[in-house]
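Each of the next two complexes has chain A plus one other chain: chain B in the first, chain C in the second.
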Partner chain A sequence: MRERKIVISDPSLRDGNHAVQHALREDQIAAYCKAADAAGVSIVEVGHGNGLGASSLQLGEAATPDHIALATARANLIKSKLGIHVIPGFATIERDLKPALELGVDVVRVASHCTEADICERHISYSRSMGSEVWGCLMMSHMISPALLLEQARKMESYGAEGVVFMDSSGHYIPDDVRQRVETLVDGLSIAVGFHGHNNLGLAIANSMAAADAGATLLDGCARGFGAGAGNTQLEVLVAVLERIGYSTGIDLYKMLDAADLAEKILMKEVPTISSVSVVSGMAGVFSGFMKPVTRIAKEFNIDPRDVFFELGRRKIIAGQEDIILEVAKELAQQAGRR
Partner chain B sequence: MKLECQTRIRHDCLQVLHGREKALDVLRQTNLVIIGGTGFVGSWIAEMVATLNDEYQFGIKLSLISRSTDQFAIRLPHFAHRSDVQLIKSDVRQLGQFPMDADWVIHAAANPDVRTHASNPLDTASVIVDGTMSVLRTAERLGRLKKLLYLSSGLVCGSQPASVKGVSESAQGAPTPDASFIYPNAKRFAETLCSAARAQSRIPVLVARPFSFIGPYQSLDTPWAQTTFLSDALRGHPIRLQGDGQVVRSYLYGSDAAYWFLKILTAGQAGDVVNVGSPVGIALQDLAKEVAKNFEPSPDIMFNTAPRSTGKSAQLLPDTTHAQNDYGLSVFTPLEEAIKLTAQWHAMQNN
Partner chain C sequence: MTQAKLKIAILGSGNIGTDLLIKAMRSPHLECCAFIGRNLSSSGMVKALSMGVTVSAEGIDYIVKNPECCDLVFDATSAKSHLVHAPIFKKLGIRAIDLTPAKIGLMSVPSVNLADSLAESNINMITCGGQASIPVAYAIGQTQTDVDYIEVVSSIASRSAGPATRQNLDEYIKTTEDGLKEFSGAKRTKAILNLNPAEPCVNMQTTIFAKVKNPDIAKLAEKLEGLVKKICQYVPGYEIILGPIVENDRIVVMVRVRGLGDYLPAYAGNLDIINCAAIAMAEEYAKATGNKSLEGKTDA
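Coming up: the complex of A and B.
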């Protein structure tokens, strides 16, 4: 089992953008792409944290427009494939996807909330018809059972996706959760299965190992864990662990470690850590990207951000419903009689 | 449609009919109705009937019933002005204008697009189940009806066990009863409805179970292996394989399938079930190579970055012993030729 090849997809320059308010610049993109390419990373994902076409006042404006970010990455990736994250609605086919493919994107990952795979049909079909490699991504996958996750993944398969990645967007999983889902997906799909982890509970590496052992053939990881909230699966550690237990990734470990050092130096204001609030976010099953707005709003209302996260989790709030943070904070403050 | 493409289709039909047309003599001077008659299967049967009428003076009156007759008239304009062909725009679930003098009926109404099954499973089931009920209720009122052929699906027996070479008509498997398998489950129930109508109302209905086809009139927009490979190659892209390329399928050419359906309709006994497809399997990796051979420059064949190994549903082939022994049917157009004809036809259409 462990002689299999695991393909690594690196969203440092996409998910990492969440951690810096989408402020990654052209020179940073170029430098990290060169380093990841030299290390032999299979797929390097680039763009706004919420993907192609998502730069906006509501979600945060990207310092580097999509077309410049992609052209820069393309110019600096020789062996590695260039990937993008596409959420239908943020990204439209004519305005965003078509120009991105013309810029030389190799891998399109079309993502939706875990219960909404239907919205991906046109974007998957279009990308496939243009000759791109297409994956489906199911975000916040902990919110539904493995059986329902399979139903949604099958939709993506029927639309033409060549693989499905399920995302632990809030860092909520423990290894048994991941194993169960990968086994269900591998058994029920005829396409490849991938896993994207977050580290809120300190289990991103263990969860990724569980995914690989259960049959996943693609794993996501970010250099130094550069990503939303407590960060993603730490890529250089993931590569080392995979090598340690016998999986092949095709990545040069030393060069990967160098790339991670570079990422820490040039991309990050701070290396992601598992803060107390991150732990609560993971426990509550709330999207890691909520960490900064929750912390800010909780401070404004003089309430405990951990209470906000648990209430958001109870309400099953997902990305795109950030306005509820304010509502929740206000209610909690009123209950506490503080405002 | 370009004249050269029409000519090619006619040529294909003649090739299959050569020396076999007498087997369809009972169709002479009769009325044939195809419900769902404007899709791949309906289009090919219509072409075959037109060939029988034009080249062998069969005098068949053909009625094609479909929700999309407007698109059909645009796509196949040579049918729009034929005096022996009538287009009737109707949903299979509300057959208000059915030709009551029908001698033969082929019920092919269903959407085979897996994307529709995934996004609209209830509508998929409604067209199949409510549609079949509607057809059977209509058939009860047809005084001249000789035979009704229901086109089911090769998927109604579920996945093919590794221990058999092909799925026979008597296979006991069944699709998993969840939404992802709404199409084969609905088809399976529709077969039961046909059986019930035969038992209760003595409707002379029999069932054909189509497997995979290839040929002109198959939309290259559909996400099946043969269509995506052709689409990739025609666009000048590399041919992309989803898995490790070891999945095995088989393909029957459109004109072969049309003849098979007409032969089963006319020669079959009520209650019979017959597989329709090619028993000759091909791994998808080899299918991609066969497609690539027909293009210059030959497209590259690419695998997914993270391919998975072949799963348990690696092979789905029909056992066609029944069709061969009892109907004298076989593959008339070898796969290599079928791919070549299909690629050339699409290239002619695009040029």
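Coming up: the complex of A and C.
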């Protein structure tokens, strides 16, 4: 029965940057692009962990500037499309997006916090007007109901997005959560629906399967799960699972497995695992990219990183608000001092 | 003896314009003679009518037809509109305080360059993030050597960001970055804006990061103390909640701004700080005009 095609988008060279404090170099980008291209990955996403124009003291400075990372990827991708992640509020059209498109980016994914789609209007319509393939991304999507998510996705559709990806940025979902959201989006939109998972609760593959079963046609995955926090959906496993069930991805499994081996060897200092703190991060519903700064700051302030995550979750802190970690740490340290 | 009040008009009836109206009505130095928008049924207009202010839905045409209605106009429309409005104000001899990121006039931060601003006929209030962060960036520029880089991250409540703000994030970023550079002398600057939808709404916060050669925290802390006192005279809810400290090789200062809760609730410190700054400038004009002198009496 199942013979639907799933488009695979691989953000190893973007989300993976979170895991190495945005330190990916040109040679690493070049080598992995070649391998992913050879495997037949549809879209290879490249850049700072938080996307275009996000290199900063707030989030971490990128070792490789956007234009060099993109030019390197462009030179090493033949069949695969080159994708970027773009968050308005960080990336501007003039300073960041226009030069990126001039370097030959094919797919622009314009992202906002799940409730703020309207800040994406100009970036989406600009990218469309320049002839790019454009997706909207709703980050931290667990923070709102399926109905509200649809409302936001519809805005993106109205701005010209050709598809909407909802992101489990905290690795908080269980498969039923994902199924409900995909069904709601597929019913309510006339454009494609995609899902981006994180593995904090060990469910990234199961969640991605649920998404496909409910009608999603694009899935994100990273080689060895190379991504923020506990990592993303592990791509080579996802490809194998989809193949076993009977979906077609256009990916050569052996070559994908080779690409994952290469990624483990040359991209990462350690293969992502679900650390104890990652579990808490997923439970608390905090952005996975907070793992490295929370770990560092908790150590500096001599407090328990798990307390920091629960407090950040209680305050409903969103991706991009990394500065608040310091404020929370200071408060927790003061409270500990009083006890 | 009471001075004659300065006649002002407000162009733009969104969140910014309506909050300005409430502040202007309270001012002993200002008289709001016209509140001008485009739609008489907008909530800002309804508010203005309830306060007994002359309103118009004619936009800039109202000022062209009634040039005597004011000596000073607050332009709270959009950057694009201000580019059209500015030459008209100039021709009519009306002073302009620009609350859009159009940035035609001198960038103005009352706690830093009040005296210079008073000499200008068109001043720009930069952005809300700029008003919150530039005093700190200025203090860094004044007290540190070799300021390589300043970065400012602001978080505001989603409810405090109207449609114009959302459409103009790029202009917000560019204008804030230009302001930071101008006032701090940093080689590179960056501005970032986050909208947080949490309920209850989050207070406006701004974090200033800097990379300098040999951070002198004591000197910076002392300079900031004086500046914060000055800012609190017009924005009482302005507070440094963390720093200055050095963390991970960066100077960090975190500022929280609680508003006066005039049109939007107190969490919307972003709205409050730019409007309080604009009102403070208008009041200084009023005092200076009343004293028939632009010299003296400024504390910058």
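Simple rule for what comes next: the second predicted complex is superposed on the first by the 336 of 339 C-alpha atoms of A that agree within 3 Å, B and C clash if a C-alpha of one lies under 4 Å from a C-alpha of the other, contacts with A are read in each partner's own complex, and residues count from 1 in each chain.
Here is the rule we go by: a contact is a pair of C-beta atoms (placed from the backbone, for glycine too) under 8 Å apart; a residue touches a chain by one contact, two chains touch by 3 or more.
What you are looking at is a predicted structure, and each value in this text was computed from that prediction instead of being measured.
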Clash or fit, chain B versus chain C on superposed chain A: fit
Which of chain B and chain C A:Q321 touches, first, second, both or neither: second
Touched partner set for A:D252, first chain B, second chain C, both or neither: neither
Touched partner set for A:D118, first chain B, second chain C, both or neither: both
Partner chain(s) touched by A:E264 [first = chain B, second = chain C, both, neither]: neither
First (chain B), second (chain C), both or neither touched by A:S129: first
First (chain B), second (chain C), both or neither touched by A:E26: neither
Which of chain B and chain C A:E94 touches, first, second, both or neither: second
Overlay on chain A, chain C to chain B nearest C-alpha distance, Å: 7
Shared chain A surface residues [contacts with chain B and with chain C]: 118, 121
Chain A to chain C touching residues, read off their complex: 56-58, 88-90, 92-95, 113, 115-116, 118-119, 121-122, 143, 296-297, 300, 315-318, 320-321, 323-324, 326-327, 330
Complex contacts: residues of chain C adjacent to chain A: 149, 151, 153, 155, 158, 163, 166-167, 169-170, 173-174, 190, 192-198, 202, 205, 207, 209, 211, 241-242, 247-248, 250, 252, 254
In the complex with chain B, residue positions of chain A that touch it: 5-7, 42-43, 81, 107, 117-118, 121, 125, 128-131, 133, 147, 150-151, 154-155, 158-160, 162-163, 186, 188-194, 215, 217-218
Chain B residues within the chain A interface of the complex: 114-115, 117-119, 178-180, 221, 223, 228, 231-232, 235, 237-238, 240, 242-243, 247, 302, 304-308, 311, 313
